[in-house]
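By letter and in written order, the chains are A, B, C and D; residue numbering begins at 1 in each of them.
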Amino acid sequence: MLKSIAIMTSGGDSPGMNAAARAVARTALYEGVKVWGINDGYHGLLEEDLRELESKDVGDIIQRGGTFLGTARCKRWQTPEGRRLGHENLIKRGIEGLCVIGGDGSLRGAQLLSEEYGFPIVGLPGTIDNDVWGMDYTIGCDTAANTIIDAINKLRDTASAHRRVIVLEVMGRNCGWLALVAGISGGAEYILVPEEEFDLEEITNSLTAAYDRGKRYILIVVAEGAASGQEVCDYIAKHTDIETRVSVLGHIQRGGAPTVIDRVRASQLGEQAALALISGLSGVVFGYSKGHVVSVNLYDAVNNKKQLDPEYLHLAKVLF
Amino acid sequence: MLKSIAIMTSGGDSPGMNAAARAVARTALYEGVKVWGINDGYHGLLEEDLRELESKDVGDIIQRGGTFLGTARCKRWQTPEGRRLGHENLIKRGIEGLCVIGGDGSLRGAQLLSEEYGFPIVGLPGTIDNDVWGMDYTIGCDTAANTIIDAINKLRDTASAHRRVIVLEVMGRNCGWLALVAGISGGAEYILVPEEEFDLEEITNSLTAAYDRGKRYILIVVAEGAASGQEVCDYIAKHTDIETRVSVLGHIQRGGAPTVIDRVRASQLGEQAALALISGLSGVVFGYSKGHVVSVNLYDAVNNKKQLDPEYLHLAKVLF
Amino acid sequence: MLKSIAIMTSGGDSPGMNAAARAVARTALYEGVKVWGINDGYHGLLEEDLRELESKDVGDIIQRGGTFLGTARCKRWQTPEGRRLGHENLIKRGIEGLCVIGGDGSLRGAQLLSEEYGFPIVGLPGTIDNDVWGMDYTIGCDTAANTIIDAINKLRDTASAHRRVIVLEVMGRNCGWLALVAGISGGAEYILVPEEEFDLEEITNSLTAAYDRGKRYILIVVAEGAASGQEVCDYIAKHTDIETRVSVLGHIQRGGAPTVIDRVRASQLGEQAALALISGLSGVVFGYSKGHVVSVNLYDAVNNKKQLDPEYLHLAKVLF
Amino acid sequence: MLKSIAIMTSGGDSPGMNAAARAVARTALYEGVKVWGINDGYHGLLEEDLRELESKDVGDIIQRGGTFLGTARCKRWQTPEGRRLGHENLIKRGIEGLCVIGGDGSLRGAQLLSEEYGFPIVGLPGTIDNDVWGMDYTIGCDTAANTIIDAINKLRDTASAHRRVIVLEVMGRNCGWLALVAGISGGAEYILVPEEEFDLEEITNSLTAAYDRGKRYILIVVAEGAASGQEVCDYIAKHTDIETRVSVLGHIQRGGAPTVIDRVRASQLGEQAALALISGLSGVVFGYSKGHVVSVNLYDAVNNKKQLDPEYLHLAKVLF
């Protein structure tokens, strides 16, 4: 059983990272294990910016967005020298295992440390994109989806007042999950995701017909990885007489107090990750799938591409 | 294949009922089946207060709390005469199947109609309590849980300012699910649920010790079925010097725009229920369990008692 | 006393337009005056798309964003022929006065009708920009400002996690009011408004110094009329090493359920406008200033430029 | 000019207290004046629980509900001995003036210190009740009113689904301001305030008639000082067949992130209070009235009773 572990958050922040870090820390402390908090991700590890955590250090954070540990991008970690230094900085403090909370890229960075030094690593999927292979949930995706439907509610007011087409661009470079669930929930007429082809001409014809039948407004949700919202907007504006506007939601999607789901699951995953790491497990990511906490091989998680749930794709078509 | 079906919402309303009814209606219409909307539950069926629905009748409702069909309690439905009249009112319009969206009591009412007349029935679990056997999700429970944590966020501000104990009573007569997930998410120090015994003296001693260690405030979440919030508050106020306040959240928990989860799952369940009913299935409730839509025998669903997830009970203890 | 009046909403929609229209209608009906609702602004008037309103037609709308009457831009109204036709369409229905709810441009259109045909007109300032001369409040500005600080709350989470500069572009082509109050409320370090010069070089130097002192993030709020958010972001990114991101809030600012202030003031203004119009007054806009409903000459309102409150400009400097 | 001042928050907390304390502290520091923060109100002063504040101590709090200084009730302050000790604790640290942020009772406590010891005092009205004489705004009232209309939005969903009467009890022991503006904004049919008589029989008859005309639900907002919500509910349930429910909003009304109005006005008032105190003024409360910061004699403020705005009372009658 390990005696001392460290936690970091890395990459883009997501709501629930605090809840996850809190669960890791409290579980470890409960088990009598020392816990270090590393500030600003791999960058802080290289800068030796870390400190021991007590239980109260993670008090009053479960409800906060962002991450109390900070996060940063770190180019030096891409280099063997960077990782060597990072490993040294862990070893010389007696830290025996590391829990990394972050997205694809951050988990990949952790995988290298595990591979090259055999250093015990567990990962937690902290990303609003819900794009990690082997699980149907990542920490923060539920909050982000709810942030989007709040925006849709506001856009619907003004779209309906003006009889407009509104194109809403949301996050998701490789994965259309956010666009898909937010679009279904927001009653969007069209949802464009990177995983599926679409034909702007067909969409334009179809929405023109809908206006002719008396439709008061049309909402199109676009994942950034599928198309640029501005380009979709310009295309429709050019080929129809309908007033069209674009809204790019941007970084607002990353913030905000986490939802119940994101807090509860982050807590469950954090507890399991801490227990596993302490007991000597390594090279796994803990995720949530089909109603259960699951552990996924870290190498597989970062080297496979997740597919969109076909049920959701189907639903988007049937209900509109 | 059935040619004409009806939908009703019954019992206490829950956020997402509209999304479910919309999915039932749109799926049936898509399949070329006639759809009737019954107003105000069984009461409306007896009063012949129903109408055919078109696609646009369920437009612009996915984001709304409550139910556009209305709901009501109905004592006459408890009588054989009531049900005979209800059956007649369905038959004489050529309606061949009924989809009932509601909680325990409402599903029981549907079960009787199915049993006594062999009338094709499918149920959808619409209740914030998440207390229907055979599934780990009911429509509306996610929105209600998020409403509670919003309240907790506000209560925390004032509790912390005053160094108070706050006792928050939430819904859940037979089932502590709402109290449990909201309590975990809200960082509550104590969570009282009907499924588990608790000792107020022990809690009082423990919270006094926490105050002595410098704790700034304590939050206790109580399911109405476990204890009266007022009584818990009075007990603590009587046995300690700590300022204690109670808040009874009440009917606010039933309202509000549904969350993403409640909209998406209500839509999935509604689609499956409609397809099943149309194809001739009867006597089942569609629920969501372990990441999948499941169908549960209607008789079993209303005659068994759901247990709380032991993982959640465990989590509540470890993290505080 | 007039016997029949009409209401329209015109130009960009703003939260509280419904509350205002409701108050106009209910006040007039209470006084025994017939009320017409014109759909889609001047466009609807030219298309004869209007109907008589009853009290219940304006029920259940006080809490909704957008406008139940719809709104639209209308080029034909800019022409004398357009206005002649509009006047005819009013006259031939016996409508003796018109209440226009909208921003600068819409009120200007109303002013022309008043000037050219002596047709009784009262205006209500419906715009989130708070840029109408002669008053310190326009309907919708409070909701929009609160929408912006909600966004700032989310952006702060992620900015703080990443030690970033966030540039937030908000509405306000000619007027920095929204940027100024949202910036003060959101604790922004810099607020750029069209009414005041600023020096990007100076700002960049100052924020670099703040980072060197240990500041975790910087928020800059930019009114669209002062600068492009993207350009400000690019300038800082180019001249510093600090990670910088831009967020353009866009049309979300126009939507959403109105706040208490916007509902109450819209109601007060609507009542006064209806009473004035009915009693024969014309050529005035009703606004809110220094704690009172005020009436401003319509010509003056649309031909003068409002100044920013110097107290706010001062406050923004002192508190940061 | 004073060289050292102290700030405290006292009595019930209200949203915006943090913004006010931040403005007092930053203004004083900007003027080169030392600032002490007293924890937990008069209690902390007697316990010598205070510390010097720097600018960063009030960073990142403008958006938070509650008060970072804490607050408490304090019986000893009611005694001459308590106030003598409090005065000593200020004097021996060289503190020359005190800014108290709180409601009626807290300002009264400050007035005694000013009267008995000639100690320089300025007050800021921090209370959600908006019941301080001489001003039409107190810090926190706008946030509380918006919290109430959010609750009304949720209650409306469920009331409408069930065709119910909902009785909502809100805060306001002596003052109906909150009930009145929230009732107007929420479209309440009846609003009961302590300042006006009402007749439950009349209300019951009138609402029965409304149901008979087809009304789907009725909302009654009751200030706690006017009647008990439970009693109003029971009366109606007893005398009609209409399903009636009560909701007591409770302490939720005190919490939450402050609105734009509460942040901006608290900031303005805080700045003015600090400047006045530093320059030697004493015995005044700074409030906001008719669009301006006003200073009110402290004795007058706590010895006169505020009246409700008759325009609001009128509005509540006309629009429903």
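What we mean here is this: contacts are C-beta pairs under 8 Å (C-beta built on N, C-alpha and C of every residue); 3 or more make two chains touch, one makes a residue touch a chain.
Computed from a predicted structure; not experimentally measured.
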item	value
Labels of chains that are neighbours to chain A and to chain C	none
Distance-maximising chain from chain C - centres being C-alpha averages	B
Whole-Å gap separating chain B and chain D, where each centre is the average of the chain's CA atoms	35
Euclidean distance of C-alpha centroids - chain C vs chain D, Å	29
Euclidean distance of C-alpha centroids - chain A vs chain D, Å	40
Junction residues of chain C, two or more chains touched	153, 156
Chain-level touch network, classified as line, ring, star, complete or other	ring
Residues on chain A engaged by chain B in the complex (per definition of touch)	22-23, 26-27, 30, 59-60, 62-63, 136, 142, 145-146, 149, 152-153, 156, 181-182, 184-187, 257, 259-261, 263-264, 267-268, 271, 289-292, 311-312, 315, 318-320
Partner chain D, residues of chain B touching it in the complex	9, 12-13, 15, 17, 40, 64-67, 70-73, 147, 151, 153-158, 160-163, 166, 216, 243, 245-248, 250-256
